[in-house]
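So that you can tell them apart, the chains are marked A, B, C and D in the order they are listed, and the count of residues begins at 1 in each.
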Amino acid sequence: MTALLPAAIAARVVAAFPTVEARTSDNGQPWLCVPAAVVQAAGTFLRDQPDLAFDSLMDLTGYDLLKYPASPPSDAIAVVYLLHSLRHRHKVTLKVLAARADCAVPTAAAVWPAAIYFEREVWDLLGVQFTGHPSLHRIMCPDDWIGHPLRKDYLYPSEYQGVPHLRDGQHFEHGPKRAGQAIAPATPPAAPAPKGPA
Amino acid sequence: MTVEAITPSGERMQLNLGPQHPATHGVLRIVIDTDGEVVANCTPDHGYLHRSIEKIGECVEYPLFVPYTDRVDYVCAMNANLAYCLAVEKLLATDPATAVTVPLRGECIRVLVAELNRISSHLIGVGAMAMDLGAYTPFMHGIAQRELVNDIFEKLCGQRLTYNYVTIGGVGFDLHPSATAEISAFLDKFEVEMVRFNQLITTNAIFRERCAGIAPITAAEAVAFGLVGPNLRASGVDWDLRRDEPYGIYGQLAVRVPTGQAYAGRHGVLGDCYDRYVVRLLEIQESVRQCREVLKILPPAAAKANDPQGGWQADVSKQIRKPPKGEVHCRTEAPRGEMGYYLVSDGSKIPYRVRVRTGSFSAAGIFQHVMRGIFLADVVAVIGSFDIVVPEIDR
Amino acid sequence: MSLDTKPGNDPDQQIHLTAVDEFLAWGKENSLFYLLFATACCGIELMQTGGPRYDVDRLGMIPRATPRQADLMIVAGTITHKMAGRVRTLWEQMTEPRWVVSMGSCSNSGGPFSKWSYSVLNGVDKYVPVDIYIPGCPPRPEALIDGVMALRERVRMYRTFGIREREPIVVAGGHCDFGAHPGKDPVTAAKDPAGTPTAEPKA
Amino acid sequence: MHLGHAVDTFAGWLSGSPDPAWWALGLAIALLWIAPVLLVVFPIAAVGQIIERKVAAAMQRRIGPNTVGLEGPLRFLCRVLLFFLPRARQDRALATFCSLPVVRPLLHLLQRLGLGQLVADGVKMLGKEDIVPAGADGAVFRLAPYLALSGAFLPFAALPFTQHIVMLEVPVGALYAIAVSGVTVMALLMAGWGSGNKFSMLGGMRAVAQLISYEIPVGLALAGVVLWSGTMDLHAIVAQQYRPGVFTLLGWNLLQSPFLCLLGGVLFFAGLAECQRTPFDMAEAESELVSGFNTEYSGLRWGMFAMAEYTEMLLIGALLATLFLGGYQSPIGEQWIVSLPVWAETPLHLLLFVGKFVVSLFVMVWIRWTLPRFRVDQVMRLCWLTLVPLCLLALLGLALTILLAGGTTAGDAYGRLPARDRLDLSLPGHLLAWAVPLLLGGALLWAARRQHGQLHPHLRQLTGGRP
């Protein structure tokens, strides 16, 4: 039951997987930048090594780096794995920077079954394709929803199944110009707004 | 007897449980393949209450997001506020220039209201499970007790359900003068009521028979599927963030952690529905004890709000406008398990990314794995035993 | 037993009912079974209203699980776009003398989520004709009971055998028009889009 | 003398000739013959729904319906009776009538008791839209409520309300009651199938499984009483339970033998299952099947199902009273009542009989609001693995008791002389007849409790020491 320091964990992982790179965030939080190809192997390694024993996946989430003020600005989507070991009481953060064009990351569902639901949410809200996931389909938005809402360049829908999203032609005059909430141009309603579910 | 043998796939039909159904605690829909009595497979369908709270996190300044955390888990809004405020304070603490120290009285009030809200949240969880199995009276007694907690919170911060009371740097208002007397009076009366509640339903033979040995979850499965809180402790895993990763003044309180021990007697299995039910009841008793402990170490109120000893709210207006750039992960023990916030800040006064990880989300993740081969009537018991709240799943 | 005027009930709206209409309306008014339809935070307040302290059972209101046996649908909580179709189906499955109370600002107009949320429906009256709007987030049980009292005004004027008009009134007084919302006129808007037999209430 | 004579004399008096005309007979039947059911059972079943809501509210620290007064129906009567007055005057007349010294407290009491709510619910159901779902099997869907009501009301024909008031004097009254109450099974299946809805179908199938299997224990419990009293005629059974002396209570079948006591309990619980009351109400389990077989019913049809359920509860209470609790006889001082003239004795007996099945209605409502419900397989296991064996054991015990007491002599045609009259048990005989079964039962219970009732030590801490 010995809690390893983050540096020691990073050293162990880098020793086992040379392509992994140990970095620290802007406010000093250490994390490991893992290339997509190595994620599953690194996951099983972290879970099965007796002195690491990362059996509990605290959280698996992601965020869009498009508008993050980094020195080499990147438009990748970061998939974050927050791991914790119940036995040794130590934590580690893995990040996979998936390219925006065809962001695909191998699934971690085989390593931690908890990842099944987390990955479905990241696919639904950020559009990261998890290859090998047992049932990758939208979990939050309706199945016929267009776009992935948590991306920074996401435009709000003007209507859904014929029912206007906003109230009576209201629009975001002083609404959230922040974080890209400009409203998508309303598709000219061909027929009078049909009512009720399609 | 494999599931295939019990319900050959030819005779199955699809049954819709929800999204508007008395037993699904809100708008959760579960499509069940069953032959009428035995469930062969179930696929939960979420998103009916997806209010895009994480996207709102990217549009609203730090302090203005607190009312939305109430609505992530409205049954225990105080704990939800506390989780977010602790995460922001931890983000500010990563840069010594913007560090914030919460006055001691503010910390004590935070733990006091969090534990009181845990009691009222467990009352709904436990009462709803009894109602799903057909006993309406215990639910009404639970709601009667909840009203008393609502009265205390209403006098404290003017709201009955979504409080917006815990703020970044402390709590919104100080305790009104008669608060400590009222709370201890409520706790004494409440313990007598809980004994009657338990005599009515907990040791009832039919209730035990309905919950014993249903959907048992082993410790390894619970950890692998990411179960947290009472659902995890019911499987025998001795893990509670208030004791193992203490935040606020939980370090000074003696936190005792009840875990599942096959309470249902003959048919009972470790980690079954009855264990999850009893662990919540034991946690209610623990919360009552912790509230009394906090009332003892509560320092007297000082004149100024940001007095380090007797104050209740540190002044954070300067720090909150220029938070440090970077990310932080902070988790607290909410009644439905670990509520973890992953904040990414780009230095501006609006967070770059706010991610909420809740207990009900992983509980919903294990439904499909657990509900194979059980009876249709047990699906209701299993949903009730996980004490899920739909906005925690859908956010 | 004069009809004391309440906000939204201007005197020239008094209409005389025949004795039988009046008697049937008295029956409807005093036994409104509400549909168990709690989606979000207002659902918890709805349960508290049915609980021991406020007890709407005193007024003859008991929760019913199936839309067939419910007279009143209290939309308690946020309605998202994914859920909106179900609200419409539930409303269509309710049997005729039916009323809709929109409880809480989320169902009135999207509430705290109306501006920045992409998935919340701004107002349930885009899908179902609403009779009473109760502001509040969540409204107190007293506000809900006051809203039900205002609804009983309308139920008291319900003509079983005559033509019926529907005009939404806001509990907080003052008639505020919410603009042309498609759900306003049930007769024209209520064509059954799917046209499928409602064999199974998607309850 | 039973109602049939009364109907003939009344019809004869109406038409003036000993051979009554068809219309006089019809009118007499309508007024007199169905009076027990129409004037006694029907209103009490209606009031039963308000008893349920008031008792439930009392148990849940609520108040229950108390704000709905009777001004609606009174105003309607006032409009109809005083049609010649303008509305304002009619309202003023009604106001003065309502403020009379006696009327005002009475109306207030009825309002507080919830009678107004009862009328309001009924009136609302009248005005409710009555739809038949598109996918439903129309004829079956429409017929089901009437069958359910008839299945609940028919058995009351054979039950003796008092010595003189019984609708159908048949020598096999007990068998008739059980046979006719089988109709409700078919009604529930028709409702389940007719609604064309998956939830109703499930509810219907569960109802059929439960009702059919619980008719066996009810039948066996009945057989026990028939074995003991030697006859199926309900009149004779009630008459046998009379014992002179102050405590006629001791004559009741329930206290004759522990086996009969056991059969009484079995009849009550099997009766609970017959009318799908918690803890046996999975057929209309609120939380699982939305509302079971009556999911699709609305308006008056649903009201009929509710009325049938409450009438079924009253039926079980009446059967229990007739077979085990001395029918219309009072527990104490039946001698004095029997000596009263007919016009005084009949209302007293009627009141006693009604009192007994209203008490059983209250107990059923009490049980409903405390216990959770069983699962389907637990209900079946309880029926076939516990209730039926218990009944068989009790029947065996009864037969042995009668045999040991020299009840039947060779060549003696069974049934001519009720077993109880031949049973001249002396004091030690009675002690033996009671002691042995009680000891046996006590041992059985103690073993079961030791095996089942083990409470985990932590649970004692929750329930303050007492399980």
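The criterion applied here is as follows: a residue touches a chain if its C-beta (ideal position, glycine included) is under 8 Å from a C-beta of that chain, and two chains touch if they have at least 3 such contacts.
Quantities reported herein were computed from a predicted structural model and do not represent experimental measurements.
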| item | value |
| --- | --- |
| Which of B-C and C-D has more C-beta pairs touching across its chains | C-D |
| Distance between the centres, which are taken as Cα means, of subunit C and subunit B, whole angstrom | 31 |
| Euclidean distance of C-alpha centroids - subunit C vs subunit D, Å | 39 |
| Distance between the centres, which are taken as Cα means, of subunit B and subunit A, whole angstrom | 24 |
| Gap in Å, rounded to a whole number, between the CA centres of subunit D and subunit B | 46 |
| Sites on subunit B at which at least two other chains make contact | 21-22, 47, 50, 52, 55, 59, 140, 144 |
| Contacts with 2+ other chains: residues of subunit A | 140-142, 149, 176, 181 |
| For subunit D, residues contacting two or more additional chains | 60-62, 198-199, 286, 290 |
| Chain contact graph, described as a line, ring, star, complete graph or other shape | other |
| Pairwise chain contacts, counting only pairs that touch as defined | A-B, A-C, B-C, B-D, C-D |
| Subunit C contact footprint on subunit B (complex, rising order) | 16, 19-22, 26-27, 47-52, 55-56, 59-60, 67-68, 70-71, 74-75, 124, 140, 143-144, 146-147, 150, 160-162, 390-391 |
| Complex interface listing, subunit C residues touching subunit A | 81-82, 84-86, 88-89, 109-110, 114-116, 118-119, 121-123, 126-127, 178-183, 189, 191, 193-194 |
| Subunit D to subunit C touching residues, read off their complex | 53, 57, 60-68, 71-73, 75-76, 79-80, 87, 91, 95, 116-117, 119-124, 126-131, 133-136, 196-199, 286, 290-291, 294-299, 302 |
| Complex interface listing, subunit B residues touching subunit A | 46-47, 50, 52, 54-55, 58-59, 91, 94-95, 223-226, 237, 239, 244, 324-329, 331, 338, 340, 342, 344-347, 350, 352-353, 355, 357, 361-362, 364-365, 369, 394-395 |
| In the complex, subunit C residues that touch subunit D | 1, 16, 19-20, 22-24, 26-31, 51-52, 55, 57-60, 62, 64-66, 68-69, 71, 95-97, 160, 197-201, 203 |
